Amino acid sequence: MSKTVTANGFALDDAGQRIVVDPICRIEGHLRIEVNVDENNTIRNAVSTGNMWRGLEIILKGRDPRDAWAFTERICGVCTGVHALASCRAVEDALDIEIPRNANSIRNLMMLAQYTQDHLVHFYHLHALDWVDVVSALKADPVATSALQQSLSPWPKSSPGYFRDVQNRIRRFVESGQLGPFANAYWGSPAYKLPPEANLMAVTHYLEALDFQKEIVKIHTIFGGRNPHPNWLVGGMPCSINVNETGAVGAINMAWLNQVSDIINKSITFVDQVYIPDLKAIASFYKDWTYGGGLSGKNVMAYGEFPAIANNYTNESWMLPNGAILNGDLSTVHDVDPRDPEQVREFVTHSWYEYPDPDAGLHPWDGVTEPRFELGPNAKGTKTNIEALDEGAKYSWLKAPRWRGHAMEVGPLARYLVAYARGQEDIKMQVDGLLSDLGLPITALFSTLGRTAARGLECSWAAHKMRTVFDDMMANIKAGDVATANMQKWEPDTWPDDTKGVGFGEAPRGALGHWIHIRDTKIANYQAVVPTTWNASPRDPEGNIGAYEAALLGTPMADPEQPLEILRTIHSFDPCLACATH
Amino acid sequence: MASSAAGSVPKSAYRRPLYVFEAPVRIWHWLHALSVVVLSVTGYLIANPLPSIGGEASEHFLMGNLRMIHFIAAYVFAIGFAVRIYWGFVGNKYSRELLYLPVWRGEWWRALFEEVKYYLFLRREPPHSDAHNALAQSAMWFFNTLLGLFMIVSGFALYGEGLGLGSWADTGFGWAIPLLGGSQQVRMLHTLGMWLFIVFTILHIYMAIRADIMSSQSSVSAIISGWRTYRD
Amino acid sequence: MPVQETFYEVMRQHGITRRSFLKFCSLTAAGLGLGPEFAGKIAYALETKPRTPVIWLHGLECTCCTESFIRSGNPLAGDVILSMISLDYDDTLMAAAGHQAEELLEQTIEKYDGQYILACEGNPPLNEDGMYCIQGGKPYVEKLRHMADHCKAIIAWGSCASWGCVQAARPNPTRATPIHKVILDKPVIKVPGCPPIAEVMTGVITYMIAFDELPELDRQGRPKMFYSQRLHDKCYRRPHFDAGQFVERFDDEGARKGYCLYKVGCKGPTTYNACSTLEWNGGLSWPVKSGHGCLGCAEDNFWDKGSFYSAVTNFGSLGGAEATADKIGGILAGAAAVGVAAHAAASAISHIKSSKSRGARHE
C-alpha cells in the first residue's frame, strides 16, 4: 500500500514503524489497534480490529420475538438495557403495537438514567486516567486542592482534611508496592499536563463517582427489578403502577416514586457540581491537545432519542433529534431513515464474515451473518499468534456500516452537532456556554476533547431531563392513567404471518438500530447495527475508513512505546466491542 | 408351535379358576391406581393452575392444598411402590412378573409376538397366559415399574428442593437435578412422565375391559377378587 | 522492599476509626449470614494479611458482571478493589494497555505463583481455534489456561463463566465453553447469575480473603451461602402462589396487587439465587418485586428452555414448533385415545364377524 488517500479524504502511509496495542484496556470488550508512525512519531496509518464475536444474530433465529429483548440486552452490560429497548421497539414496530404513555415515560427515565450513569463511569473510570496522573496527586497540597475545589463548585466534600485523607490513602497504596489497577501505567509521562492539585481532585472524584454511580441505576432497579440488566416488556413495561389501591405495596407506589425523584435530584447535583467542573478544569489544561477529530468535522449521524410523544419516533417527538451531517456542512441536516434500503447498509469486505456478493452492502432487513475468519496475505505471524494484521484483507469482527455509502461518526458529539445544527435551543445554550467558558471556537469540538466534552454536557442534559420526564409522568398518573402495558397483541395468534420491524434510537455511544423479520410467529432474521460498529468500523470496499481509524491519524506520540495518545482518542469514543460485534 | 408353551389352550378344555393376584397385590393395585389419578390431576393443576381467585391471600390455600394432596398421594404411590417391589420377592410367581422382563427367553419373545399379532387382528384367539401376557408385562414394566421409579426419583428430588439442601429428600434424590439438566428440566420430564402414565392408563383400562369381553379369561374381576376364571 | 499494607491499615488511612472498622467486619459477617462471633475472625484476617492478588480475565461476555460488581454497597466496590484485594489485572479497569498490561500477568505469576485468585468473567470459545475471542493476537483460551496453571483457585463470575450463558445458547456458533469444562485441575467456584448480585460477588471474595479458604459449595460448585435456595422458597409473593392468585396478564388487576407471576413465566420455582432475600442494588428490589417474572438467569442453559413468559418448559423443537411436555403428552394421550377407539371399533366388527361365522356354522 504505502501512500494512499482514502475515498473519504484521509492520507494513509504504512511505511513507518508498526505499533500494536492489544489489549486496549479501560473499554468494554476486546479491541486491537495497530498504527504506523513516521519518523516524527506521528500516526500515519491506523487499523482498528474488533477481537471478539459471539453470534447473537444467529442465536436469535427461530426464537419467540417477545423473548428477544432479554437476549439482546446481553449484548452489553455496560450500556445495559439499551438493546432491550431497541428490541422491544423493533417487535412493536413489526406487530404494530402502541405502548401506553407511562411506559414511554418509564423507558425514557431508564434510558436517561443509563446515559447519566454510563457517561459518568466512562469519564472517571475509563477515560480520566488518560488525562490524570494518579502518582502526581501525591505531590499535591491538600489545602490548595481544597481551594481549587471550592473555586470550581459548591460541592461540599472539599475540606483540606478530606483531601489529605484521600491523599494519604493513595500514598499508602502506592508505597505498598501493590499498585493493582494502576500498575505499569504511564505515570510521569510528559503527556500529562495537570498540576498535582487538579490530579488529586480528580482522583478523589474517581472514588466518589465509583460510589455514586450505583445510586443512579437504582432507577432501573425500581422500574426494571435490577441493574445491570433490568427487565423490559414488548408492549410497555412490566412494572405496574398502583398509588392508591389495595396492594400498592406490590407495585410502583408512592414510596418508590419518591425515591426516583430523590435519585434524580442527587444525580443533577453530582453531575453539575462534580463532573462538569472537573471536565472544564481538565479541559482547560489540554486546550492545545487538538487531535483526534477524525470524522467528527465531516460526517456525523444520529437516529434521535427520547420520544416526548409515546410511539412517535420522529423529529416531532425526539428530545435529541435525528439527522446526518455530511462533509462538515452544519447548514444542511439530512433526515435519516433506518428503513430505507438505500441509507443504512453493512459491508464485510474487510470483516471476518461472508456475503453472497462479497463487496455488496446489505440493508439489515436482508442482513446476513456468516462468520469467516481468515488473515490477509500480508499479515505477520500465524493464525493463532497474530503479530500484525493485513488491513488490505479481512481484519475485524466488526462489519462496516455505512450511511448512503459514507462512514459516519456517532455518539454524544454527533448527537450534539446534529442538535446544534438543527438549532435546538437547550443544546445550543450548553455548547455555546462551554465554548465561551473555555474561549474556544466551535471547530474545537471536532477533536478528542470535543467528544469528551459533549459527553459531559449530555450527562448533565440527561440528568436534568429526568426531572422533566418524571414530572410529566406524575401529571399523567395524577390524571388517572396508570397503564404501563398494552397486551392486546400479546398472543402470537394476533400477529401477521410475515412482518418486519425496526427499533432505533440513541444508545449512550450513538445510533443504535435493531431490525427484525418475523415469520410464522418466530424470528426469521435479526440484525443489530450498533454505535461502536459505526465508530470502530473497518474499511469498506471503497476504502473509506471508520471513525476510530480516522481519528488517530496525524496524532504525534510523545513516546511510541507508551500508547497514551492512542488511548486518549480511542477512549474518547467510549468503545464497546461486545456491542459492536454481538 | 408357539401355542405349546405360552400359547392357547384348546378351547373346549375346562380350566379351573387360578389364584393369581394375592391380596397385597390387589390392594396395592387399587391404591396405586387411585394415587396415579390424584397425582395426575393435582400435578396437571400445579403446572397449569386454575384461574386466579380474588380476595386476601391469607384466606385461600388452593395451590398449597393441591400441592399437599400431590405430596400425600406421592407418599402413597412411593410407599406402595416399595411394598409392591418387596412383594415381588416374597409373593407368588405371578407377583414377580412386574419386576423384570425375561428377555433372555426365546419363548417369551414368541409369546410377545403372538400377542402383538392378536391385537393386530392377525390371530383370532389370544395366546394364553396366567397372570400377564408378554405384551401387558412389557407395558407394565416400562410404564409402571421403570416410569414409577422415575416419577419417584424426580418427584422426591423436586420435593427435596422445598425441604432444603441437606434434607433427607435432597440427600437421597437431589443428585438427579444436575444429572437431568437442572430443576426446570426435571419438572419438564416429571410432567412428561405424567403424560406417559396417562397414556398407559388409557391403554391399560381399555385392554382390561376388552379382555373381559373378548377373551376367554376373566380380567377386571381377577384384579378385584384375585381369581382368574375361564369361560368356554 | 516496600511494605505490603493490610486492609485494616488502608481503612485507617482512609480516615476510618477502629470502631467503624469493626462495624464493617460485623456487617460483612452478617452479610455472609454468619454469626457475630465471626466478625472477630474477619477483623483479625483483615488486620494481618497483605492484600490478595486477583487476576480478573474477560472472555466472551457482556461485561455486566463487572458492572454488577461495582454496584456493591457493602462492602463498597472501591474498598474491595483498592483495599481488600490487589486487582493486579483487569482489562476493564486497569490504567495500562497493550504489552504493559500483559507484562503484569507474568509479574504476578513470578511473585505470587500458586497464591493469586483467578477471577473469570465470560468464557472462551473453542471453535475456529479460539479466534472468536482474540487477546494480544492469540486465542483467549491460551491466556486462560496459562493463568489457571499458576493460580490458587478460580472464581467463575456469572452465568457465562459458570454455564456458558447467552453465547452458548443454541446453536452456540462459537462453541463458547464454561470455565470448568476447560480448566479441569483447579477448584472452580461458580457464582452464577446474568449477572450475579453485586453483594454476592463481594461476599464471596470477602469470605475467601477473610477465612483464607474456599466457601462451602453445593453439588454444582456454587457457594451454599448464596445459592442453596430457590427464589420461590423465600419469595414474598409466595402467599399468592399458595392461595392460587396469579397475574394472568401483565398490568392486569392482579399485577397491580402484586399477585404471583408464575403464570406469566416466573422461573422462581426452579432458580437458585439470592434475589428474593438479598435483593438487588442495596436490597431495593428484584425482578419479581418490580413485576417481571424471574428469567432463571442463574441456572444452566436458561436461554434454551422455552419462552420467558410461560411456566412450561420447552422440550426441544418438534417440526418447527416448540414441544412442551404438555404438548407432547397431549398428543400421545390423544393418539392413545383415538387408537383405543379405533381398535375397539375394529374389535367389535371382528367379534361380530366371527360370532356370525360361528353362528352360521352351528346352524
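Lettered A, B and C in written order, each chain numbered from 1.
Assume a contact is a pair of C-beta atoms (placed from the backbone, for glycine too) under 8 Å apart; a residue touches a chain by one contact, two chains touch by 3 or more.
In this text, all values refer to a predicted model and were calculated from it rather than measured experimentally.
K.L.:
Chain contact graph: line, ring, star, complete or other?
P.N.:
line
K.L.:
Which chain has its C-alpha centroid farthest away from the centroid of chain C?
P.N.:
In terms of C-alpha centroids, the chain at the greatest distance from chain C is B.
K.L.:
Whose C-alpha centre lies nearest the centre of all protein C-alpha atoms?
P.N.:
If we average C-alpha coordinates per chain, C lands closest to the whole-structure average.
K.L.:
Please compute the C-alpha centroid of chain A, do the same for chain B, then give the distance between them in whole Å.
P.N.:
The answer is 62 Å.
K.L.:
Mind checking the centre-to-centre distance between chain B and chain C? Centres are C-alpha means, answer in whole Å.
P.N.:
39
K.L.:
Measuring from the mean C-alpha position of chain A to the mean C-alpha position of chain C, what distance in angstrom results?
P.N.:
Spacing between the chain centres: roughly 27 Å.
K.L.:
Could you list which residues of chain C touch at least two other chains?
P.N.:
259
K.L.:
Could you pull out which chain C residues touch chain A in their complex?
P.N.:
Interface residues on the chain C side: 1-5, 9-10, 13-15, 50-51, 53, 58, 60-68, 70-73, 76-78, 81-82, 85-88, 90-98, 100-104, 125, 128-140, 142, 165-167, 169-174, 176, 194-195, 198, 237, 249-252, 255-259, 275, 280-282, 284-292, 295, 297, 303, 307-309, 317, 320.
K.L.:
Within their complex, state which residues of chain A touch chain C.
P.N.:
Residues 20-30, 32, 51-56, 58-59, 62, 64, 66-67, 70-71, 74-78, 80, 121, 125, 129, 134, 165, 168-169, 171-173, 175-178, 180-186, 207, 210-211, 213-214, 217-218, 220-231, 233, 235-236, 238-242, 245-252, 259, 371, 373, 381, 383-387, 397, 482-485, 487, 490, 520, 522, 562-563, 567, 578.
K.L.:
Using the touch definition up top, name the residues of chain B that touch chain C in the complex.
P.N.:
Contacts found on chain B: 47-54, 57-64, 67, 119, 121, 124, 161-162, 164-165, 174-175, 177-178, 181-185, 187-189, 191-192, 194-196, 198-199, 202-203, 206, 210, 213-214.
K.L.:
Tell me, which parts of chain C touch chain B in their complex?
P.N.:
Spelled out, the residues of chain C in touch with chain B are 218-220, 224, 228-230, 233, 239-248, 254, 259, 262-263, 267, 269-272, 296, 299-302, 305, 311-315, 324-326, 328-330, 332-333, 336-337, 339-340, 343-344, 346-347, 350-351, 354.
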